[in-house]
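Read through the structures below before going on.
Below, subunit A partners subunit B and then partners subunit C, in two separate complexes.
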Partner chain A sequence: MTFFAPFCLPFIIGAAVMFTVLLVKWGVWLYRLPRTDKMTILRGIPTRRTPQAVGEVVGEALLHRSIFRVDPLLGYMHMSLAFGWFLLIAVGWIETVAYLGLRYVPLQGHVFFKYFATGLEHKPVFDFVMDLLLLFVLSGVALAWFKRLRSRALGLRRTTKHVLGDRVALSALWFIFPARLVAESATCGLYGGGSFLTGSLGGWFSAHLSVPGLMNLETAAWWFYSSCLGIFFVAMPFSRYMHIFTEIPLVFLRRYGVRSGEKASSMDQFQTQACSRCGICIDPCQLQSVLHIDTVQSVYFLRDRRYGMLRPETADNCLMCGRCAERCPVHIDLNTLRLNSRDALRNLPDERRYEYLRGLDRSSGSGKVGYFAGCMTLLTPRTLAAMERIFEAAGDAVWWADREGGVCCGRPLKLSGETDAARKMMRYNTDLFRKHGITTLVTSCPICLKVFREDYDLEGIEVLHHSEYILRLIRAGRLLPKHDATRFTYHDPCELGRGSGIYDEPRAVIEALGELVEPSETRENAPCCGSSVANTAIDDGAQLQIARAVAAELEATGAEVIVTACPLCKKAIGRGAQQPVCDLSEVVAQRIG
Partner chain B sequence: MNKRVIVIGGGAAGMQAALRLKESGVEPTIVEREAETGGKLRDWYVLFPSFTPAADVLGELRRRVAERHIEVMTSTGVKSFTSREVTLDDGRRLACDAVVLATGFTLFDASLKEEYGYGLYDNVFTSADIERMLSRGRVAKADGSRPRRIALLHCVGSRDEKVCQQHCSRVCCITGVKQAMELKKLFPEADVFNFYMDIRMFGPGYEEMYREAQQKYNIHFVRGRISEASPTIDGRVQIKAEDTLTGRPLRMSVDMLVLLVGMRANDDNAALAEGAGLRRAPSGFIAPRNLFLGNVESDAAGIFLAGTVSAPKNIGETLNEATAAADAAVEYLKRS
Partner chain C sequence: MATINFGYTISKPRAIDMDRNNLRKSDEILREMPELQACIGCGSCTAVCTAGNLTSFNFRRVHTLIRRGEYQGAYEEMNKCMLCGKCRLVCPRGINTRGVAMLIKRKLGDNRS
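After this line comes the complex of A and B, so read on.
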């Protein structure tokens, strides 16, 4: 057997281009990884992280378990295309071995095996299995077509608006499997074989077409099938379909502990190109649902960044609330990528601007417990007053880091991309904390909390959000708030919930005071208050619109008091709400002594 | 002319409009939500720029309303209205031939600017509090002692995107100058500071008053908004600001911080406007039909606007506009 026919050329060329580009891309990205990351990978390979990564690749890249969680039908669509195609290739390979034994067969021999195997005795089991798998994939293609018409039925209110290259690749992909069906059926019609799908269609062809007609159809269909494959393969490394293979190394690198950081690195390539532009990130975005802005979501941000056409307006217009990252089926670290794009666009440190930091110390009091109010708590002094009462009631001696004014924690600057300037503030505050010898650092601002935990080197100092601190005091019996019949509802601040994983502590504190009723979207799905310091693009009116939408959800719970645990959320929701909005510390302080 | 016009709101604008209507031979009825007429005028001590007691103006308006036997319904809120019918909160419906809307404004709630500590720290007051204290004849710190340093902060709840009040309330600048002078008269030994973004002296005699405040009263004007206030151990208020003329940050402790609160649109403007087919400006105030040739008319025929329901104004302007609105209503009734 020669395993060659002229129609194989588009496929062969396409596959060669694809694998070459793919290997070059991966090679360059890996080569450009920082040395520490390379060492991390080498150290990770002989550990159990490797089999874990293999498991994740099967679970996610093939079975698409994460998408099933978004919508079962959408999950099935992705699974039938990915896993179905994979099985067609794998079972097709076994089929070749079963027919021909273990011998070298070129790639096109496997892919177009039905065309070359007409002279061999048929094995009906394989015919049946291969037809079943083809049907499996075709059902996915049918769903993909249907999704174009009615995306809502597949759990997506809005879908991605694609660029031309993606549309070409998408069209080729859509035709690959119908073309394969017609091509294999035509061959079966001429030479027999096939099962319920290709066999039946082939029988129908031979009943309705003349032999020369069917031969022409066969040639045309195989050419078309091969061309679709060729076009798809050539387009693949340059289009959204790059995700098919990129997700695999991404899973391994992530398992080994390689991460993107506040400065752009080669790891970012693995992440941006692993985006399939599925558009699952669009629906949870409040800029879309409330403000109808539909050009800045993660899918468009990653696309623009990948093709080098990222504008500051797109990079900046994001609340960084993390709702999209929570749903991303590829688990791309969307906020970090957004952050290092901003760094690349804006980081221009002014050396003289921060000279005032030298020798500055406005802190007061002394104690092992330090309290850092942060800029936003200083602008919401009710929280500050409440914390004073709580510290007093608990009998903790407190060192006040910034009650008389202090230096910003650095996170707002970092979020805007001025990472080097942010580092100066972080160094200043770290030195200040160390100088005063505190062992516990309490803050009532989740923005400060996140940066203290993630970017500060505070070994030996336990960093607590005030919700954690208050809960400890209550559990230790050092704080005895009165329980009454008040109905509270709670808004999860982004930086505290999704950002720092603190969901239960504030709820436990509220339950010690009264009844807690949850709004419809809560915990991991809680909306952003709209005033995020991460967004420097939308104006105040737009922020207010988001705040009103959030306040309406909270008021719909029927609660008497809206509680949150972030000074910024409190201020934001307060101007959109009719009901009182309080910080957690305020409602606690009202109920002690 | 046997026609009836309902004037919604019994403040300066409502009373003046009713008087003018009566003068023109139309029967007005004032519908007032509060237990008495007078509106915000009841809360002011003396009026800029002439230091005329507000009670003089209010007393005269009330005397005329009583003298001319104008029907006044007090403690009566309006739920909705059209040019032909006004529905009251208790469900009663009053038929009429036209409506003059004179429901005024709401004072900005200073506690929304939490960073200034109103309602949280002692010795932070609003300009309305100062008027009340002046009326009672007792201005003092919370502990009863005399202030030695006073700061007045302009634009609280005006020209402030952060609290969604983009508009200028116009009269707070001159109120700040007036109150600074009054406080200086009461406490000649005290230092009085005005913190402002711009000083907008739009009325007759205002600029002269501003000059007098600086030259004769030695009141200090600092260009810069106060960013935050915090309490000190001895019960004073520490303020942080930037003097934007010298470009320097500034901190000082004061005995009294006075917040010059702005005018904002009433909360019920939205519902009333929707029911009557009126348009609202982005600020929430009711928009006149035309800013030049129809500025007391609304988008709906037979509904006229008087006073601060359509935008912040001073009392003189309000009274003029009430007269114009009444005249426009009379013209409308003649034609219909």
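After this line comes the complex of A and C, so read on.
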């Protein structure tokens, strides 16, 4: 057998282009990784992380387990396309070996085996299995078509608006499997073979078509099938389908510990191109659901960035609440990528900036426990007064870092892309904490908390959010708040919950005071208050609209008091709510001696 | 006739000549952030300002002067801002002051290179 027919050409050319581009892309990205990252990878390869990564690739890239959690039908659609196609290739390979033994067969020989194997004696088991697998994939294609009409049935309110290149690749992909069905059936109609799918359709063809007609159909169908494959393969590395082969190295790199950072790096390429533009990030976005802005979501941000057409308006218009990242099936580090895009757009190193910080110290008091109110707490004096009360009741001597005015933690600057300027605040505050010899640092602002934990080098100083600190006091019996019948509801601040993983501590504190009722969207799915310092694009009216939507959900619980643990959330939700919004520290302070 | 020394002086008269000032950048800023025109000059932004608490930085003064076409030293002043965002929360007209601060810096200096 020669394993060549003219119709194979589109496929051969397409596959050659695809593999060449893929190898070049991977090579360049890996080569450009910082040296430290390369060492991390080399050190990681002989460890347990490699088999773990293989497991994750099977679970995610083939089976799409994360999408099943979003919606089972959507998960099935993605799985049938990915895993089904993979099985068609793998079982097809085994089929060739079973027919011909272990000998070299060119790539197109495997892919178009049905066309070349007409002279061989049929193995019905393989005919049946291959038909079953083809049906599996076709069911996914049918669902993909159906999703165009009714995305809600697959758990998506909104789907991605695709660019032209993606539409071409998408159409080619959708036609690959029906074309394969017709091509294989036509061959079966002429030469026999096939099972319940290709065999039956082939039989129907031969009953309704003349032999020359069927031969023409066969040639046309194989040409069409090969062309669909060719077009898809050429489009793949440049379209959303690059994710198919990018997710695999991404999983390995992530397992070895390579991360994107506040400055752009080659790792970002693996992340941006691993985005399949599935659009799962669109629904959780409040800019979409409340404000109907539908050009800035992570899917569009990554697309614009990948094709070099990112505009500041898109990069800036994001609350960085992290709800999309929570649902991203590829687990792309969306906030970090958004941050380093802003850095690239705006960072301007200026050595002379913030000269006025030199020698500045407005702190007061002394003690091993330091308290950093943060800018926003200084704007909510009730929280500050409540914290004073709590420290007094607990009998802790406190060093007040910024009660008389201090320097910002640096996170707002970082979120705006001015990373070098933010470093100056970080250095200043670190020196201040060290100078006063504190061992514990309490803050009531989750924005400060996140930056203290992630960007500051505070070894030897334990950083606590006030919810953690208060809970510790209660558990140690140093704070004895009265329990009554008040019904509270709790709003998870983004930077505290998704940002720092603190969900249980504030809830435990509230349960020590009264009854806690949860709103409909809570914990990992909690909405953003709308006033996030990460967004400098939306106006006041838009912020208020989001706050009202959030407040309405909280009020729907029927709770008497809305509690949150972030001064910014308190201010924002307070504007949209009819009933009082309190900081956690306030409700605790009201109930102690 | 020699002037009599009363022991005090009055400040030098300082008028802003809108005809002589180049308002191009000011206009650009107002076009991109028209809500700045809603400012009533109450100074709440300045009253709560973290940087203003530590230095003589005065956001109201800076953006008012810029709108009059007085750009001298404005970029350097604006760079004292820490972008903490308190001003935005207290603004009675709901002006996106952080956006204004970033826009001013972008228009007056960040793109110098």
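One rule holds for everything that comes next: the second predicted complex is superposed on the first by the 593 of 593 C-alpha atoms of A that agree within 3 Å, B and C clash if a C-alpha of one lies under 4 Å from a C-alpha of the other, contacts with A are read in each partner's own complex, and residues count from 1 in each chain.
We take it that a contact is a pair of C-beta atoms (placed from the backbone, for glycine too) under 8 Å apart; a residue touches a chain by one contact, two chains touch by 3 or more.
Just so you know, these numbers come straight off a predicted model, no measurement behind them.
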Mind checking the superposed model to see whether subunit B and subunit C fit together on subunit A or clash?
clash
Is it subunit B or subunit C that touches the larger share of residues in subunit A?
C
Subunit B versus subunit C as contact partner of A:Asp457, first or second or both or neither:
neither
Which superposed partner A:Lys571 touches (first subunit B, second subunit C, both, neither)
both
Is A:Leu360 in contact with subunit B, with subunit C, with both, or with neither (first, second, both, neither)?
second
Touching A:Asp540, do we find subunit B (first), subunit C (second), both, or neither?
both
Thinking of the overlay built on chain A, is A:Glu392 touched by subunit B (first), by subunit C (second), by both, or by neither?
neither
By the touch definition at the top of the document, which applies to A:Arg346: first (subunit B), second (subunit C), both, or neither?
second
Scan A:Arg403 for contacts with subunit B and subunit C and give back first, second, both or neither.
first
After lining up the shared chain so the two structures overlap, which partner does A:Glu418 touch, if you call subunit B first and subunit C second: first, second, both or neither?
second
Quick check on the superposed pair: does A:Leu379 touch subunit B, subunit C, both, or neither? Answer first, second, both or neither.
both
Per the definitions at the top, what is the overlap between the subunit A residues touching subunit B and those touching subunit C?
378-379, 405, 539-541, 544, 571
Residue set of subunit C touching subunit A in the complex reads 35, 48, 50, 53-55, 79-80, 82-86, 89-91, 94-96, 98-99, 102, 106, 110
Which residues, counting only subunit A, touch subunit B once they are in their complex?
378-382, 385, 403-405, 539-541, 544, 571, 574-575
Of all residues in subunit A, those that touch subunit C in their complex
346, 348, 350, 353-354, 356-357, 360, 362, 375-376, 378-379, 405-408, 410, 412-413, 416, 418, 425, 531, 533, 536-541, 544, 568, 571
Residues of subunit B touching subunit A in their complex?
112, 114-115, 117, 120-121, 161-164, 228-230, 240
